[in-house]
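There's a structure below that I have some questions on.
Naming follows writing order (A, B, C and D), and every chain is counted from residue 1.
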Amino acid sequence: MFVLVNLKAYDCNSVAIAEAAHEVAEESGTRIAVSPQSAYVERVAATGVETWAQHVSPTGYGSHTGSALAEAAAAVGAVGSLLNHSERRLKLADIAAGVDAASEAGLAVVTCANDPAQCAAVAALGPDAVAVEPPALIGGDESVSTADPDVVTEAVGAVEEVDEGIDVFCGAGISTGEDVESALELGASGVLLASGVAKADDPESVLRDLVEPIS
Amino acid sequence: MFVLVNLKAYDCNSVAIAEAAHEVAEESGTRIAVSPQSAYVERVAATGVETWAQHVSPTGYGSHTGSALAEAAAAVGAVGSLLNHSERRLKLADIAAGVDAASEAGLAVVTCANDPAQCAAVAALGPDAVAVEPPALIGGDESVSTADPDVVTEAVGAVEEVDEGIDVFCGAGISTGEDVESALELGASGVLLASGVAKADDPESVLRDLVEPIS
Amino acid sequence: MFVLVNLKAYDCNSVAIAEAAHEVAEESGTRIAVSPQSAYVERVAATGVETWAQHVSPTGYGSHTGSALAEAAAAVGAVGSLLNHSERRLKLADIAAGVDAASEAGLAVVTCANDPAQCAAVAALGPDAVAVEPPALIGGDESVSTADPDVVTEAVGAVEEVDEGIDVFCGAGISTGEDVESALELGASGVLLASGVAKADDPESVLRDLVEPIS
Amino acid sequence: MFVLVNLKAYDCNSVAIAEAAHEVAEESGTRIAVSPQSAYVERVAATGVETWAQHVSPTGYGSHTGSALAEAAAAVGAVGSLLNHSERRLKLADIAAGVDAASEAGLAVVTCANDPAQCAAVAALGPDAVAVEPPALIGGDESVSTADPDVVTEAVGAVEEVDEGIDVFCGAGISTGEDVESALELGASGVLLASGVAKADDPESVLRDLVEPIS
C-alpha cells in the first residue's frame, strides 16, 4: 500500500508534515510519500520522507524558463512525480512527454485521470501507476467506497487490460483508515490524500489512524 | 478508404475545393471529405461534399463564448470532426469530453495522435477513428511509406488491441496516389491530406490522381 | 450607444434573435449587433443584423487547424469580433496578435477585461473598444449600476488615459433599460448582453425595452 | 544597473554560477541576480546572491497542485520573480493576478513583453519593471543595440507614459559589456541574460566582462 500526501499550495508546514509522515512510515512499515511545492522538495526530502514532485514539465534541459525540470526535482531529492493532476490537467502529448522526461530523470510517475476510460488512456503512455480521481469526489467529503466504489474497480480493470504492471491508486474520496481499507479491497494499491492530512491540527495522528487498518 | 482534405486556415477557395472533392468522390466512388474553417462549414456542406469540422469544443450548450459548439457544426452540415490535431493539441480530459460532445451532436470523430502509444491512448476514449501524425512527417515532403512505415503498422496494432472497431488513418506524409496505396497496405483505412490538395493549382486533378490507385 | 448581444453557446435560435435585433435596431435607430457561434455567422449576417464573431485566432492564413480565422469570419459577414472574453481568456501576446489579425481582416475589435487596470492594459494594444467585465457581475443578477458603478467610471478614466479614441463598454450587469441608461451615465458608450436576451421567451420585446430609454 | 541571469532549464551548475555572480556583484558593486529552476531557489539563495524565481502562479494558498506558489519561492529565499517570459507566456488576467500574488508574497516582479505596446500593457498591471524581449532577438546572436535599438527607447517611452516609476529592462540581445552599455544609453536600467552566462565555460569571467563598462 502506497499513501501519497499531496500538500498542493496549502498554507501548511511542509517540513513538519514530512517529519510526521516519515515517523509514521517508519513506525508502521507503510510506504508514505509527501508531495510538496517544487520550492520545498529539497527541505522535505531532507526529513528522510519519500518525496514526490506535484508536476514536472514535458521538456528536458533547454530554454524553458518557468518550467519544472524533472532533473532538478530529482537532484534535490524527489523520487517520483504526479502528472496530470485534476488541478493541473495536461495535453495528451505533454503527458506522454512528461512521463518520458520523468522516467529519464529517474522519477517514478503517477498519472491522474478522471474515469476508467481516461485511466486506460494514460496507462497506454507507460506511467508507473494511475490515480483515478472522479470529479464528483475531488475536494468533497464523500468517501469513494460509499459514493462511487465501481469507479475504482472499473479503473483497475481498464488499466489491467492495457498493462498488468501498472498500479492503480485511488485519488479522491479518502479521509479515514476505513477508506484506505476499502480502496485496497476495490483493487487499488495506493491512495492520494491532501487536505485531510495537510490541514489537520495533528497530521501525525491522522496518518497513524489512516494506516492503522493496513499495517 | 476515406480521404479527408484538411483546409486548415489556408488562403484557398474552400468552396471550389469542396466542389472538386465532391466531383471526384462521385466519379470514383471513393469517400472524400473536406474540413474547412468553422465559418465555412455551411457553404462547404452546401456543395454536397462530406463536410467535417476541424475541431469542436469539449463543452455542450452553455456559457462558452468563443467555443466551437459541436451542435452548431452539425446544424450547418458537418457530419464529423477532427480532434486533437497536431496544430490544436488538447488536454486529455478535453479530448474525452470532445469525443462525447461530438458524438452527442451526431458527429463522427477522428482523434489525432503523435505515435502508436498516443494512438492507443486516444483510442481508449472511444472515437470512431484515430489518425497517426508522426511529428517528423507533419508538413514535410517525405512520404510515410518510405520515411516511417512502421509507425502506421504499429499504430494499427496498438489501436486494434484497445478496440478492433476503431479505424486508423494515416495523418501525415501523404501526397500521391502511391502514398495512399502504401497507407492502405500498411493497414490504414483512411488518409488525411492538407496543402497537397488545398494549395494545388488544380485540386481536382490532384484528388483524381490520389484516388486513382484505390478506385 | 452600441448594444452587443452575445449568444455564447446557448441553445437558442440564433437566426430568430438576429431578426429580432435587426428589427429593433431599424425601428429604434440604436446600433444593435449579434455575436453568434462561428458556424452561424453567415446565417446571422444574412438577416441584415450587424454581426460579430465571439473570438478570432491570433494567427493569419496558414497551417492553423481548428483556428478561428479572422478573414473567414469577415468573408461570411462579420464586421467585428470580441477578444479575451472572460470565458475565453487569452495570453497577452495573443490579444495583441488577435487585435492585429482582426484589424487586418477589416474587423472591429472589442477586447474584454476584468477591471480598470486590465482595461488600460488591453487599451494599450489598440482595439476599437474595451469592455469591462467585473468577475463579480458576470452571469449574475446584479446590476452594474447598483453593485459596482465605480468600476465603469474608473475603466473609462483608465482607458482614456491610454487613448481617448477607444470606447468603453459595460460588459456585465446589464439586463434592463435602466441598466443601459446607467451605463451611459457612467461613461460607457456600449453594453454587452447575453442570457437576458438570448434566453428570453420574447427577445424582441426584451430588446425593445432595453433600448427604449436611449432611443 | 540590474543584471539578471536567467538559468532557464539549462544543464548547468546553478550553484557555481550563483557563486560567481555573487562574487562579481560584491567585487563590482553591480546588482546581479540569478534566476534558477524553482527546485534550486533555496540552494542558489544560500550562496548569498540575489535570487529570483522564473515564474510564479497567479494564485495564492489553496488547492493548486503543481503550481509555483509565490509564498514558497519567498520562503526559500527568492526576492523577485519574472512573469510572462517569452517561454512562459501567460493570459493577461494571470499576469495581473501573478503581479498581485508576487507582491503579496513580498517579491519584486519583472514582467516580460514582446514590443513597446505590450510593454505598456503589462506596465498598466503594476509590476516593478518591464523587460522588453523582441522576438527577433530572443536566443539569437544579434545585439539589441545594433539590430533593433529603437525597440528599447520606444519601450522606455511607452512604459514611462503609463507609470514613471516602472523600470525598463532589456530582455534580449545582450551578450557583451558593450551591449550592457548600449542598453543603458537607450534608457534601460537593467538587462536579462541567459545562455551567454549560463553556458559559458567560465561564467565568472563573462560576468566580469559584462559589468566592467558600468562599474
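Operating definition for what follows: contacts are C-beta pairs under 8 Å (C-beta built on N, C-alpha and C of every residue); 3 or more make two chains touch, one makes a residue touch a chain.
Keep in mind the model is a prediction, meaning the values are calculated, not measured.
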Exercise for the section: Enumerate, in label order, the chains that touch subunit B and subunit C alike. Expected result: none
Exercise for the section: Average the CA atoms of each chain to get its centre, and name the chain whose centre is farthest from that of subunit D. Expected result: B
Handout entry: Pair sharing more residue contacts (C-beta pairs) when C-D is set against A-D
Key = A-D
Completion exercise
subunit A and subunit C have mean C-alpha positions lying a whole-number Å distance apart equal to 43
Exercise for the section: Give, as an integer number of Å, the spacing between the C-alpha centres of subunit D and subunit C. Expected result: 36
Problem - Between subunit A and subunit D, centroid-to-centroid distance (C-alpha), Å - result: 34
Practice task
List, in ascending order, every residue of subunit B touching at least 2 other chains.
Solution key: none
Practice task
If every chain is a node and every touching pair an edge, decide which shape results: line, ring, star, complete or other.
Solution key: ring
Exercise for the section: Could you pull out which subunit C residues touch subunit B in their complex? Expected result: 6, 8-11, 37-43, 54-55, 57, 59-69, 71-73, 75-76, 78, 82, 85-88, 139, 194-195
Fill in the blank from the handout: So, in the complex, the side of subunit D touching subunit C is made of residues 84, 89-96, 113-115, 117-118, 120-126, 158, 162
